[in-house]
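See the structures that follow.
Note that chain A is present in both complexes that follow, paired respectively with chain B and with chain C.
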Partner chain A sequence: MKFSAKAVILASAWTLSAGLAQAQTSITVGSQLEPPHLDPTSAAAGAIDNVVYSNIFEGLTRFMADGSVVAGLAESWEISDDGLTYTFKLHDGVTFHDGTGMDAEDVKFSLDRARAEDSTNAQKPLFAGITDVTVIDPLTVQVTLSEPNGNFLFNMAWGDAVIVAPESIETITSNPIGTGAFKFADWVQGDRIEIVRNDDYWGTPAKLESATFKFINDPTAAFGAMMAEDIDAFIGFPAPENLPQFEADPRFTVLVGSTEGETILAINNKMPPMDNILVRQAITHAIDRQAIIDGAMFGYGTPIGTHFAPHNPAYVDLTGNSEYDPEKSKALLAEAGLADGFTTTLKLPPPSYARRGGEIIAAQLRAVGIETEITNLEWAQWLEEAFRGKDFGMTIVSHTEPMDIGIYGNPDYYFQYGTEEFQAIMTELNSTTDPDARNALMADAQRNISENYVNGYLFQLAALGVAKANVVGIWTNQPTQAIDLTAVYWAE
Partner chain B sequence: MRWNRNLVLGAVLTGLFVVGALISFVWTPSDHTVLDIAGKLKRPGDGNLLGTDHFGRDILTMIMVGARTSIAVALVAVGIGMLAGVPLGLTAAARHGGWLDEVIMRGNDLIFAFPSLVIAILITAVFGASAVNAIIAIGIFNIPVFARLTRSGALSLWGREFIMAARVAGKGAARISAEHILPNIANLLIVQGTIQFSLGILAEAGLSYVGLGAQPPTPSWGRMLADAQTLVSIAPHLALIPGLAIILTVLGLNLMGDGLRDLLDPRLRERSV
Partner chain C sequence: MFRYALRRLSSLIISLAVASLVIFLVVEVAPGDPASYMLGINAQPDTVAALRAELGLDVPRYQRYFDWVSGLMRLDFGTSYTYRTPVAEMISDRMRVSLPLAVYALTLSTLIAFPAGIYAASRRGKAGDTAVIGLSQLGVAVPNFWFAMMMVLVFAINLRWFSAGGFPGWEKGFWGGMKALTLPAISLALPQAAILARVMRSSLLDMLDEDFMRTARAKGLSRRHALWKHGVRNALIPVLTILGLQFSFLLAGGIIIEQVFFLPGLGRLVFQSISQRDLIVVESVVMLLVFAVICVNFLVDLAYAAVDPRLRTRT
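And then the complex of A and B:
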């Protein structure tokens, strides 16, 4: 009997240590949205980049956690004196996950595919200036631009500009083959995506052997899964009101950082009466940003006065242009001939910043006489009705792309601004490489949209995450949509 | 007559919410359209009788105005069911065995075959989420309930002597239905109406819980519950109070329906006299 008892203890100790050992080399990361497919070069969905950016696919350059752009697959580069030619020297010995080599032909293929006439790339403007991509030798590729573009290396770091292989492009949406430190393993639709370490990785190998992305859309379920430790980390935690509980719990750490998400009350600039600048100004003065940050985000968020990230060196604080002043708002409405107010629609996508923020904004607008009819929409409906159909008076959405003020130059973009004055600033910015001159132009652009009251600028979305206390290396900030696990590991 | 405990308890519970809803038309503790973010998530008794929600709105106010939404939706939905269902049922009974009877009752079977809440979700999803669409969706599913009940109640009367007498006196089917049959099945309809009323309140709460009922800023118990979901662990009263309101109203209406049946059913009445 004694012997068998000992055996049981030994056996259980063995299973326990096996369990621990397993926990140390893999991680389960929760995320709210499941990607529609896995090709970052043919869709706008940020959920795709969450899974594949840096983990599976890499570009010539890449973003680091602090937002800086460093070398990726390109080892080094030379820029010609006129700023028109970029010669990239590629890393030697890089292979795709299917064993084929990554060389200059793959770079040419990827860039030509992205900028092609029939390309479905969601960020085609990133490639618009490219006139030619030439293979010099297998490890050297030359990119020629039509005009100097100070942002070119930054553009190449986007998830939309990753390098893909012609051999595996057919099946990229379901079986992504990249050069990253992780390989795609399995996708259980509606539940999770699994990736495993790429042992043939050209750079610093990943510390984890495998990782699982688990998709939990419901905030309550996300909270439960994290509390029950079913998942090891949750990036983009959807319920800010629950973060104090994680903070108070020694098992977890709360990650609060910045994102590129400018959360705005988008106004339909072509729909009367909002086509009148006085009315738009009245709307912005009716909004109390701090109440929205406190009420919808439980205090997480930085007020903004224009469409620009406050952590960017070129940011100008323009919140003063639209400070909370209901009396001024009423006066402006009266000046616009709408002393009795007006009624418009407020269409809200699912995130809580929009749904809760929408109720708060509706109450604030009501206080100055503007009635809003709230409609809650699912993302697909929102994209169809508001974004593509432009059938909305106002809507709330967070623009998470980095440095995306250029969208204001497009008169067809859903809020329909795109004045020639603004386009001129953008054109000049694109052809300027001197950093100081660029900052001055970006400041002009910020002032232009702030002073024309294009939209109501609310706050910069905070990057909220929860992780187990001994998980190291998860990005706190979100300089781009990514859950980069290549440097993540478990502390002893 | 014997003291009817169910009826009284049910009437008191239901009355509580009906009176609250009526009072809210003239007075509420505060304005539910004004948010006070600084005063959010107060515990019950902390300046507000039932505390405040995540936007700093007084929960008692929200419950009172929410009762208005619930009762209005359920009442109109039952009204639709009765106004359409009762005449259909009377017609079917009057034409018992005829083609009209068949058409009406098979039509009702068709509506009955669909799961009501799922179809209500479909209707509001297609035609847009609003209190009006919720009323229509819930109301449509009340029609066959009343039509069937009316028909079976009326059929049992059509063979009775006083109906014969009315026929002999030369009255037409429509007049007989209205003057003799309807008053005699009124008790059935009132009892069923109470039960359908409670189901209507549940359906409205269910629809607004998934975001398809009354839209903000109109308060609704179902949406209060949905909003409270992620806050349950830090402010449980946010979910408990609207949850209790739904339970108590539905319980009250069911007890009242039970009590009314005891009171109005002629067979039970004879026994207790």
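And then the complex of A and C:
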């Protein structure tokens, strides 16, 4: 007993000192995945953007929390009448964290590096239309495109298009030098990354003095860390089943927002019998989206009927094309000559939407006579087998890139659609800059894939987070992968 | 003793050579490519090829094997594909957590198990013995991660004595580090202690029936005295075996506990590297663990010889 009494005193002394050390000018943010390295221009990992987007690195333009694109390092721009030349005027007096100035040469370096032959930029297609980048003067840079691209300013807002400096590119993976409101301070691999305020920032300075990103992969551990108040916020909270508990607790607020993640039951359009549109239609009518949202996501998520984010103004609600109707599904199967059903594979990557959702979908499909053999795959296996090898009947994936309906134009993309009809819509969309005409074309594209039942469109992934009740300014929506802390502060 | 050590040493080297080949083959044939993992689903094939070339993945397998092994001999573990930092650095960072955790847990489990085992053996069949057996039964049956979660619930969430997890780093102070490792070490130690106590008890009881124990009692030693003076030493051999196995398990097998307490340890590094197909990290860490296991076994063998002189001459 003596020993445990001592332990109590020691332990309380520890907690006390920890409590005193915590000031309200810093924040500790939890997130599930640790970035492999810190160069957002040479990997697809969203975890990198979580830490560096807008905090450390900035691009010519940037996303705001509502998904709109505003000026970033470019103060203003002019677009030539033919839509081929963009002349960017850069902000004056911007410096990188190492003290070197940011000018037109850095912009040229960054864009040329991203589109180079040996580029390892994961979103290289964003830069594909660029034919030339010319420095006019230190604060003016001209970008020439091969054909008009209505998405160009949007593309430049991606984390993969941030401006980096040739002076610090060698060490960017471990010591990122950007222009943002925070500077990189420390990385304890496997545990946390620390950033501190950049006092020489060119724009509105950050309100916090420092911030720590803590990486907690396990859902139960995430819950424990939040409950024990070891962390102040958790973005991308992995245990939706625990959110009601946080909602009931006055110490916390629950953040529910939208993401760009269209979660789909991808169907191999070239594999019999799914190469038959009737079969694909039958699959989509067999699926009860709400049951999947309730069962796999604990009610968080918005049903979708096409590959487009519902919060986008151009979104068309096409869920009616594939409403839950098992009888119709059976009739369609019979019409396709498969009255007795058929068997195919369902390959599931690790996220819980896929693993939990997959079990529910398998049960729903079984009810109309479609048997699925479920295989759980690691991401690396999934990429090799299903994505690159196209060895799958069906799979469940959330496509988190913003505005990525264009993937349906590529006949080699894993679900193998890419009809000429769809490609024609995309070509026209790319050369159209008038907003109304663009919206109409995007609606056409959405209808095209919905009516051809390319995939089963399930739901838009919700952005789930938990924060202490007095944390202000954290993004609720996830228009791009980012935990932008530049405007975050503690309410009194 | 010297020849005995030499014999053990040569078998150690052969084991390592075989292990390196097996590890390399197993890891390399697993499907999945680190470059396409890193670049995600929008990457173009030429981008993936460029990254593969940058990472040195485009050279033939056998060449990579020889590069890796010759690197290992120079203590150069190569560079991680995903983190782009030297693997040796990553391993030594993680060892700063895993090694103290393993030693901490092993110390705790020994401190619990030895007295408990000896106590139970000396009270054979009595209430104290039954209590120890019952508790150890429970300790073996309860999974350590469940126990870990319960401790987080009680000591971190309700009582707020400890953090729910994480590791501040030794540079922030020794006691802070030890505090962060306390709940994980207890979670790891208790099931191990339960096993160890049972082995200790039964091994001691076996000794009690031996002739030399009867002789010791006959020459006038009390039961407890005989147990301490002659029994414990002889009972240590099976206990040492278990202890050696446990240490290797604790070093690498803390994966789940490291997940529960989000500790930046070796187990989590392996776990992450496997999912990211960071092959060179997986290979090097596993190789290191094999090395550690073989070395621990080697030390255990030497310890046997120290405990039991007969082993020194036997082949």
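Assume the second predicted complex is superposed on the first by the 470 of 492 C-alpha atoms of A that agree within 3 Å, B and C clash if a C-alpha of one lies under 4 Å from a C-alpha of the other, contacts with A are read in each partner's own complex, and residues count from 1 in each chain.
Keep this in mind: a contact is a pair of C-beta atoms (placed from the backbone, for glycine too) under 8 Å apart; a residue touches a chain by one contact, two chains touch by 3 or more.
All values derive from a computational prediction rather than experimental measurement.
K.L.:
Please indicate which partner A:374 is in contact with in the superposed arrangement: first for chain B, second for chain C, both, or neither.
P.N.:
First partner only.
K.L.:
Identify the partner contact of A:230: answer first if only chain B is touched, second if only chain C is, both if each is, neither if none is.
P.N.:
After superposing on A, A:230 lies in contact with chain C but is clear of chain B.
K.L.:
Between chain B and chain C, whom does A:385 touch in the aligned arrangement: first, second, both, or neither?
P.N.:
After superposition on chain A, A:385 lies in contact with chain C alone.
K.L.:
Between chain B and chain C, which one contacts more residues of chain A in the superposed model?
P.N.:
C
K.L.:
Once the structures are superposed on A, label A:135 by its partner contacts, choosing first (chain B), second (chain C), both or neither.
P.N.:
The answer is neither, since A:135 touches no partner chain.
K.L.:
For A:244, is the partner it touches chain B (first), chain C (second), both, or none of the two (neither)?
P.N.:
first
K.L.:
First (chain B), second (chain C), both or neither: which does A:220 touch?
P.N.:
A:220 contacts both chain B and chain C.
K.L.:
Residue overlap on chain A between the chain B contact set and the chain C contact set?
P.N.:
220
K.L.:
What residues of chain A sit close enough to touch chain B in their complex?
P.N.:
219-220, 223, 239, 241-242, 244-245, 291, 294-295, 356, 358-360, 362-364, 366-367, 373-376
K.L.:
Touching chain A in the complex: which residues of chain B?
P.N.:
33-35, 37-38, 40, 54-56, 128-129, 211, 215-217, 229-234
K.L.:
Where on chain A is chain C touching in the complex?
P.N.:
Per the stated touch rule, the residues are 8, 11-12, 14-15, 18, 34, 36-37, 42-45, 117-125, 173-174, 188-192, 214-218, 220-221, 224-225, 227-230, 350, 378-381, 383-385, 387-388, 397, 399, 401, 404, 407, 414.
K.L.:
Would you mind writing out the residues of chain C in touch with chain A in their complex?
P.N.:
Within the complex, chain C touches chain A at residues 30-34, 36-44, 46-47, 50-51, 53-54, 82-85, 90, 93-94, 97, 149, 152-153, 156-157, 160-167, 169, 175-176, 179, 259-265, 268-269, 272, 274-277.
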